[in-house]
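I am attaching a structure below and will ask some questions about it afterwards.
Naming follows writing order (A, B and C), and every chain is counted from residue 1.
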Amino acid sequence: MRLFLALTSVTLRGILRDRMLRAILGTVLLLILLVPVFSMFSMRQVQELAITITLSAISFFLLVMSLLLGSSSVWRDIERRYTSSILTLPVSRRAYILGKFSGIAIFIVCCGLFLFLVSVPVIMFAASSYPSDVPVHWLNIALAIGADILKYLLVAALALLFSTISTSFFLPFFATIAVYLAGSASQEVFEYVSGQFGTELQPASVAVIKGVYYILPNFSAFNLKVPAIYGLSHSPGGLALTTLYGVIYVVILLVLAIKIFSRRQLP
Amino acid sequence: MKSKVIILGLIFCYVLVVVPFSSYLKNRPVMLKLGYVPAGKVLRAIVGDQRYLTAEIYIVRVLFYFGELFGINRERVAVTPEYFNMYRTLENAVLLDPYNTDAYYFSQAAFTWELGRVREVNSMLKHGMKYRTWDYQLPFFVGFNSAFFLNDYQAAAEYMKRAAELSGNPLFTNLAARYFYEAGKTDFGIAFLETMAKSAHDRKLKRIYEVRIEALRAERFLAGAVDRFEKERGRMPESLRELVTSNLIEKIPLDPYGGRFYLDRSGKVRSTSKFAFRE
Amino acid sequence: MKSESIHSIEISSLSKTYKGRKGKAVEALSELSLTIQNGEICGFLGPNGAGKSTTIKILMGLITATSGTATLCGLPVTDPGARKRVGYLPENPSLFDYLTAREYLALCGRAFAMDGESILRESQRVLELLDLREAADRPVRGYSKGMVQRLGLARTLLHDPDVFILDEPMSGLDPVGRALVKDILKDLKSRGKTVFFSTHITADVEVVCDRVAVIVGGRLRSVDVVDELLESGIEGYDIQVKNCAPALYAGLTSSPKASDITEIYVPRDRFNEFLAHLGKNGGDIHLIEPKRKDLEAFFLDILGKG
């Protein structure tokens, strides 16, 4: 356990000491602080717009972070031969991958919480300047950010998995983006081919599309922005299922990453 | 060996979860599926150069959703379509890309009867006319809507004339004239829809028109029978059933929108579906 | 937990074939077997590309052997637990750039399950030993090559392990540093530690090693006890004699050293005979120095034979 914490803290320190990441965080903070100004564009829906922009900014930041951190993790440690200085300690490859992921995960979670705390006064300010007929649903906003965090943990795990195979930045980065886009659209496509349109396609291609749908991570499920903006109610069962799904998927990705990394020859 | 067991266990858990998960997602309210679209002007500032792409994505999303809806309705599964949300999405899409035809054609097809948002659809179409200056369909739509829904015949004539000029086809003025002098409202509607159904390329749009035509024809058929009944007996029928029992018609046609035809107090033929997909 | 029956390092018929690009395979190691006893210092000598680092990486679990097995302290090298009592120095170590020396050592200490207090104490000790105290709180990014090498050595000493595996410990060090490393190795030897290190410098092997293993082209060529090797390499003796009749060393190379001292080179096979003559005819021995082939010559011999 102490070893795991030590590995986590090494990863975290590496992230925190990276200047570029700090610059990105600063930009997003600035963007969120400017939200009241942006919201003035919409005279009718200031509050809705403030919530939308804030949530989108947080979501975008977390996406960039999870992509960058995940895709530049394992292969870079191998290339810089950090692995040969750490895996020659009594450290198993499993502990190394888990430590790596938990460092990234802690960073993403902390950033999400931090940005949520920053966005609270910003949304309050925007909402009070042009009150809307819908009250602000803080719980829903928190849930939306929580779901985003889980989604980007999934993205990070995916990028980490690809980075255990890769020897450069490109494969994990672009493969993760591709899966991300596909996984965000899969639900719509699935419903489309499940409907009338599907009857006009070849049964084999419908089966393939459905198969891919069940394998791809379903990112659209984690989009809870609309209930946050309009204060719609959630189904607790659905939330629980979504969480469970996310957790199981992350675990599967990590197990695969460990399996692949355990076979890898290190310099 | 141990790791194989772990992986198999995980896959098992995954399958256990993914089945209810996917059915939960499929049955989520539509608004959740379409998502929230920020006001067009703001969106335009945010997405910058990518606005055409963004507009296309939104439009495709609405079309996708609608296509799926049609699939469900064919099997007579009751769902309430979120017309307003679809409309809002398209409204924002044309702010991003005023040239996108799909948004206009789809709005005209789907939101006038169903949503009753004729004025909004007209203003969206007029917005489009500023950009698609060569497109005769847009003034044609506005002209039809003005006449059929708003009873504004002066405006209708004006737009129909414009459509005729742009297309070089006198059909449009004829169509309007027919409505004014010859036919009833239902016939005018059917004539319009038939024109549209013929020219529609998209299967979904065609289907919208065809369903509407089917409904209007059924309505016309019943209204004609009611007229004949009244002429023969000198009174209104008690209900539509009476038309069948008195052997005027063989049976009451089905409403393709899933409703049931009835006779309202003033003797007009109506349907419980109000000719829109409702619960 | 030291047990005499368990060897510190045991390598048996280890082979490694790297899969190269375009299907070209490189056979870096073939059928290498070697056992390192407890408390022994063993040098691992070989030309560039001989397979020294490959062997060591297999021992440290960085790469997997194509065939054969290896154990550390009785545990297979695939088990991370095998590395608990091992201090390893990689070839050209690359340590976490963004950590300071102290942070890096703390990480290693945790991996070796040391408690907080002893991590602090031992870090200070090894940093002082390797003369890194001043740089200890700067990030490794700003270290020179030699400083990184020193930090790598510091890491191997941190938890006072029983077995040391060092890949070219002297590389990149200044003369003071080399002397320091030699002292450290001698100290380890006196404390009964096991050391297995690869090097190109034969002189270092002569000074500190008990045994030397020579590897060429992935095959083990010889394993010898250094002292025996050096002894067998004696070719003759330089003998300085006082008051000796010149007739005694007729036929041998000689050179006058001082007014009454002469230095004579006596080949090994004539040594006893010469001493007997000297005893009979009188004359004092001032100094005897064995003249031997050094390890370098041995090494070159082996290479030449290959």
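Going forward, a contact is a pair of C-beta atoms (placed from the backbone, for glycine too) under 8 Å apart; a residue touches a chain by one contact, two chains touch by 3 or more.
Just so it is clear, the structure is predicted and the values come from calculations on it, not from any experiment.
Shown here, the protein chains touch in a chain-like sequence that does not close on itself. Between the chains A-B lie more C-beta contact pairs than between any other two chains.
Centrality annotation: A (chain centre taken as mean Cα position, compared with the mean over all protein Cα atoms).
Mean C-alpha position of subunit A lies 38 Å from that of subunit B.
Per-chain CA centroids place subunit B at a distance of 86 Å from subunit C.
Subunit A and subunit C have CA centres that are 51 Å apart.
The touching residues of subunit B, counted against subunit A in their complex, run 3, 6-7, 10-11, 13-14, 17-18, 20-22, 24-26, 28-29, 31-33, 35-36, 38-39, 41-42, 45-46, 61, 64-65, 67-72, 74. Within the complex formed with subunit A, the residues of subunit C that make contact are 57, 60-64, 80-84, 88, 90, 93-99, 103, 106-108, 110-113, 152, 155. For subunit A in complex with subunit B, the touching residues are 38, 41-42, 44-45, 48-49, 52-53, 187-192, 194-198, 213-214, 218, 220-221, 223, 225-227, 229-230, 232, 235, 237-238, 241-242, 244-245, 248-249, 251-252, 255, 259. Listed in rising order, the residues of subunit A touching subunit C in the complex are 2-3, 5-7, 10, 13-14, 17-18, 80-92, 95, 263, 265-267.
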